[in-house]
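Each of the next two complexes has chain A plus one other chain: chain B in the first, chain C in the second.
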Partner chain A sequence: MMRFVLSRLTHSLMVLFGVSLLTFAFLKLAPGDYFEQMRMNPQISPGEVAALRAAYGLDRSLPVTYLLWVKSVLRGNLGFSFAFNSPVWPLLKVRAANTLLLTLTALLGSWLLAVPWGVWAAARHGGWLDRVSSLVTASLLAIPDVLIALALLALALRTGWFPAGGMHSLAAESLGAAARWRDLVWHLALPVLALIAGLLPVQIWHVRSALLEVLDAPFIRAARGHGIPPGRLLFRHVLPVAANPLISLFGVSIGTLLSGSLLIEVVMSWPGIGPLLLQAILERDVYVVVAAVLCSTAFLVTGNLLADVLLHVVDPRIRAM
Partner chain B sequence: MKLKFALLGLALIHVLVLGAGFLAPYDPAEQNRDFPFAPPMALHLVDTQGHFHLRPFAYAQIYHPESSAAVPYEIDRSRMIPVHFFVKLAAEGGMGQSGEWRLFGVAPPHRLFLLGTDDFGRDQFSRLLYGGRVSLFAGLLATALSLALGLVLGGLAGFYASLPDHLIMGASELFMALPWIYLLFAVRAFLPLHLGAQESFFLLVGLIGLTGWARPSRLVRGVVLSARHRDYVLAARGFGASDFYLLRRHILPEALGVLLTQAALLIPQYILAEVTLSFLGLGVSEPAPSWGNMLADMQKLYVLESYWWMFAAGVALIPVFLLYHLLADALQQSP
Partner chain C sequence: MLSRPPALGAQSEDLLVTTGEAGRVGGRLVASWHSEPKTANPAIALDVVSKELITLLDADLIHINLATQRTEPALAKSWAVSDGGRRYVLELRQGLRFSDGQPFDADDVVFSFNLYLDPKVDSPQRDLLMVGGKPIKVLKLGPYRVEFDFAQPYAAAERIFDGVAILPRHLLEQDYENGKINQAWAISSAPGSIAGLGPFRLKQYVPGQQVVLERNPNYWKVDAARHRLPYLDEIVFLIVPTEDAEVIRFEAGDLDLLEKVGADNYALLEREGGAHGYRLFNLGPGMEYDFLFFNLNDLSAKHLPEIVRKQEWFRRREFRQAVSLAIDREAIVRLVYRGNATPIWTQVTPGNKMWVDEAIPHPARSLEKALELLRLGGFTRRADGTLTDSQGAPVEFSILTNPSNAQRSKMATLIQRDLSQLGMRVNLVSMEFQALMARAFDSYDYEATLLGLVSGDADPNPEINVWTSTGGTHVWALAEVHPLPPWQTELDSLMQSQTALLDFAARKAAYDRVQQIVAEEDPVICLVSPNVLAATKAGLEGLEPSVMRNYLLWNADRLYWR
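And now, the complex of A and B:
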């Protein structure tokens, strides 16, 4: 077990290392940098710009910059943001926590919905309720995330039932702890709903097909023939076997979730990694871009790692391999 | 049946956007500053007196700039604007396209906005058609690029195994470890921000196509790897067939089915990628329309709250996605 976790862990670290190298390569291939615009400014002499670039290490070659960056990352320093005039880490920390709050809530919510829904659809396989459910999920799948987020936001604006984006009310600072929580949940509702709407159809489809596959298996027919009641059959015999592909999906769905959440964060002005990355791109704040991309990759890799370990724990067939 | 329906539907949509030069009544960049955020005009056949007209008509809209209403337009039921078919654009259009034929239009001082206008008074219906060209074909071209790259790299990896295989598969794993949109953004971050419409379109196609090579190349590799050891391939090799001949004649045809299904899955994804990037201001640049940058106005809360017709570009994506999903479904069922 330990050996398995360790080998997966080293693999994940290698992936992260590779991704950082990749982003750095893009960074160096790109023309221009943050100080490009300064060069246009007659108030600033070319010498000063060169000095600034030297101070931030932008004038060195790719391998040197990369090695310096790795060295500083190992010391817990993710670089410096030109636009915010602050180290990247404190900036990113808050944003990453907000993104995690949003995505984990959505992940939990969507699985809590998808499993019963998928099981229910599989149990009525071929019936008209199953067909209606397929129709609903197929339509939901065809509606782009942006549209769902925009529509929800428009609803919030028109009815006033929900806050129009953001994470806290303006008055949140003066509220008591309970009221502040309620305020946060209130703000969380719409972005989570939009994210769930994006995830749900794929998850339901997978739950349904995983279950159908198992329901068809000979050992289930045998169990049914022995007169095992449907409830026990489902929970004791079907679900443990069907869980296998779903756990792999759990790891993969984190990637979809992060990609979807970027857009929804921007639309709903949720102060997560998404808006930070967008701003950093527009301002050529390179170290923030690298750190934000790396951070999201770290989330994804962690998710995959968790799924792998979980799979290892749950499925005796994989342990035997 | 499913396959035919999906192909027919998609063909229809693509013909519609390709025919934008004829079907759209106005140039996509033509501004009408007197009509900012005009609501869609409905076409009628029956007038207020209950008389039936064979020629459809719309009622004129009066703009009240001083009004505080969210949509300061009033329908003037006394002024009917008849719609003419097969009209020649008047020289007044000014965009150098006078004398061009259009399917329908109204006599010049009037304007016909079937889907309303944006804040520059640009006709949303025309922009939807022209924008569809950009968005749909960005998806198609990027997919072609991705698949071509996947075919070459996956073919190499699968056919030669050993070192090229390790290198290519290792790299593909890296690309797939990144959340897709973040990867796109990371690469986009290091490319020039302000570009002309055409440059930004091709940049976008290249960007989306090149970053998406990993999954198709893994699929192709799998197919090639299994095809390489088929008996007929071994037999052909025994007869002295060259590597190139084997790839072309025996192995790649087998990958074709996989690639077709993959295309049907990738195209909607890539269309969405274009829409997302343009929506956030990193894609196709104004004044050229794309479904993404048409939606970008919705990021302003007052637009989102009051001008529902600005949703058109987003809603147009739904049938496209439905049809592509249907196509992928049909292709998977009948390989």
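And now, the complex of A and C:
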């Protein structure tokens, strides 16, 4: 088990290294840099812009900059933001925590909905309820996440049932712990719903098809023939066997959720990595972009690692490999 | 609006008494920013949001009133000019305190200017404080008297002090001496470590969410009823990443004002505003303008033969004039800005009331006149309508735009349609803004570009780098071909001479001539100036909206809730 985890960890580190190199190279090779926009300011001379470029090391070559950055990462420093004139990690950690809160809540919510919904749909395979379920999930899949987010915002605006963005109310500071918690949940509701709506159809389809495949297997037919009650059959025999593809999907869904959440965060003013990353890309704040992309990749590889470990635990065939 | 304070006791503060209606003390105003301020340190602030924050936290010696666009006393209560405009002696207000309670005097002024002028600090303010290529000299004459010496007479000397924040020496001297001034006053610094002379002080910064400012109890302005300003207890800035999200939150009641909205959202608020009682402000053309320019750089050192070939057309005045005449500016105003913009033919917008030359002609769109000009320039139209040059080559070029600016992308499409009616084939190339900048400013690998500029001040001086051939923002020809065309030589001479003309009428005449040359020669083809559009909730009073940034909040010290 330990060897398996170590091998997956090494693999994850290589992925992180590759992603950092590619992100760095793309950003450095693209024309223009953070100080380019200052060229349109008539009050700042080209000499001043050149001096600022030199002061922030932007006049160095790509390999030199990358090696210096790797060296600083090994010392625990993810780089320096030109825009904030500050190390990147303090900027990122608060926002990464907000993004994690949003995505993990959405992930939990989506699986809590997808498993019973998928089981329910599989149990009614071919019936009109299954068809209605397929229609609903197909429609959800066809609607872009941004449109769902905008529709939810419109709902918030028209009804006043939910806040129209942000993470806390202005008065949150003065509230007690319980009221502050309720305020946070109230603000989480719409972005989480938007994320769930984007993720749920795929999860339901996977649960449904994994279950259908197992329900049709000869050993289940035999078990059914032996008179095992449907509930026991489902929970004791079908779900454990159908779990494998769902565990793999769990790892992938973290990545899907993260890429979706960046967009939802911008639209719904959620103070996560999304708005910071968007701003950093527009401004070419290289180290913030690299660190934010690395952070997202780290979430993704952690999700995959968790899925791999879970598979290793539940499936004896993988342990035997 | 402002008047001198009445005589005060020896121990009292030398406060500035504002005139006008007295407001009501208290309340909170909630506004928004698209991005977070990056710093509260005026010595290194580059982005618009940080600068906006700094105007609320800090104060300057002489201030530009954005409603009148003229200078008025601020921390300096009076000043005397001598030595033919080279020497300014400023009398400072006495008894004032920074927001942390420490006293303000001439040492803070000398410290601030020396810090901004120090080449080691690399402050973006430094270029502003260079006159005739030399730094301004600052000398303390007494605890409340400071002398400023300019290398040459400088027409806009008073305006140079606007926006130069006076820093507390007691808080920043140590960092400056240790070479750490650039790390001081990061936005995440403890609010108590930041102090200024502005109407507000930093209370809280929540990363990615909000910045809260509270009233500075030591602010140096009072109203006619002797109430110390500002009226508002707090200003909260929520970080809302997009304009659409801002409008939604305004409509949801989370925001009290929108400092600037686009034409589409303004139309939406106009439709829905009646029911909600919003106050909408259409302030007319601002200081921003959109323009098209052709690549007139000297490309002899670059390997861009195709562009060099097309420069034969671009350098012809008739060609540029024909393009200008063929563009339907009214259609841009109507279709891109929903009527909320003004067509322009030169660089000074009608929003700049003091400097605009009203005599500049506004020729109506005319394809006939444009074709006549092209004929005079050696161009002909084939039977199929294609415009060709004297060698028989079809006239085809590309315009660079950045897709992040939706208005400019729409504008480019309209220009493409307009010029096709002359037989020109125009291709639109969209690219990310930084990449576009790199082409325009470094590689010169472009044929034509559509961009916008915002004048930071009504005065012509900040524009000197745009219109002189050696200026760093001389976008159409950063590398000029020599000898210079006569009109460029005249532009150079006019822009240089106006900086030293102390007589307003003479200066205005010189700058009028600059505007005439731009309108006649079309080195850049000025198109439209968008209106400044804003909105507030009903009940917010004391507003004196300006077409210059910060449009609604420039006089935040006098805003109050009814």
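The rule we apply is simple: the second predicted complex is superposed on the first by the 306 of 321 C-alpha atoms of A that agree within 3 Å, B and C clash if a C-alpha of one lies under 4 Å from a C-alpha of the other, contacts with A are read in each partner's own complex, and residues count from 1 in each chain.
Everything below uses one rule, namely that a contact is a pair of C-beta atoms (placed from the backbone, for glycine too) under 8 Å apart; a residue touches a chain by one contact, two chains touch by 3 or more.
All figures in this text were calculated on a predicted structure; none of them were measured in a lab.
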Which partner does A:Leu258 reach: the first (chain B), the second (chain C), both, or neither? first
One more residue to check, A:Arg95. First (chain B), second (chain C), both or neither? second
Output check: A:Val293 vs chain B and chain C. Expected answer is one of first, second, both, neither. What do you get? first
Touching partner for A:Ala55 - first (chain B), second (chain C), both, neither: second
Is A:Pro46 touching the first partner chain B, the second partner chain C, both, or neither of them? second
Applying the document's definition of touch, where does A:Leu153 land relative to chain B and chain C: first, second, both, or neither? both
When the two structures are overlaid on chain A, which partner does A:Ala242 contact: first (chain B), second (chain C), both, or neither? neither
Is A:Ala164 touching anything from chain B or chain C once the two structures are fitted on A? First, second, both or neither. both
Taking the superposition as given, does A:Pro271 touch the first partner, chain B, the second, chain C, both, or neither? second
Interface residues of chain A shared between complexes with chain B and chain C: 30-32, 153, 157, 164-165, 266-267, 278, 282, 284
With touch defined as at the start, can you tell me which chain A residues reach chain C in the complex? 30-33, 36-49, 51-52, 55, 81, 83-86, 90-91, 94-95, 98, 153, 156-157, 160, 163-168, 170, 266-269, 271-272, 275-276, 278-279, 282, 284
Residues of chain C defined as touching chain A within the complex: 28, 30, 35-36, 38-39, 41, 44, 46-47, 119, 122, 124, 126-128, 182-183, 186-188, 206-210, 236, 238-242, 245, 248-249, 251-252, 254, 404, 432-443, 451, 453, 456, 462-466, 471-473, 475
Can you list the residues on chain A that touch chain B in the complex? 15, 18-19, 22-23, 26-27, 29-32, 138-139, 141-144, 146-147, 150-151, 153-154, 157-158, 164-165, 255-256, 258-260, 262-263, 266-267, 277-278, 280-282, 284, 286, 289-290, 292-293, 296-297, 300-301
Could you list, by residue number, the parts of chain B that touch chain A in their complex? 170, 173-175, 177-183, 185-193, 272, 275-276, 279-282, 295, 298-299, 301, 304-305, 308, 311, 314-315, 317-319, 321-322, 325
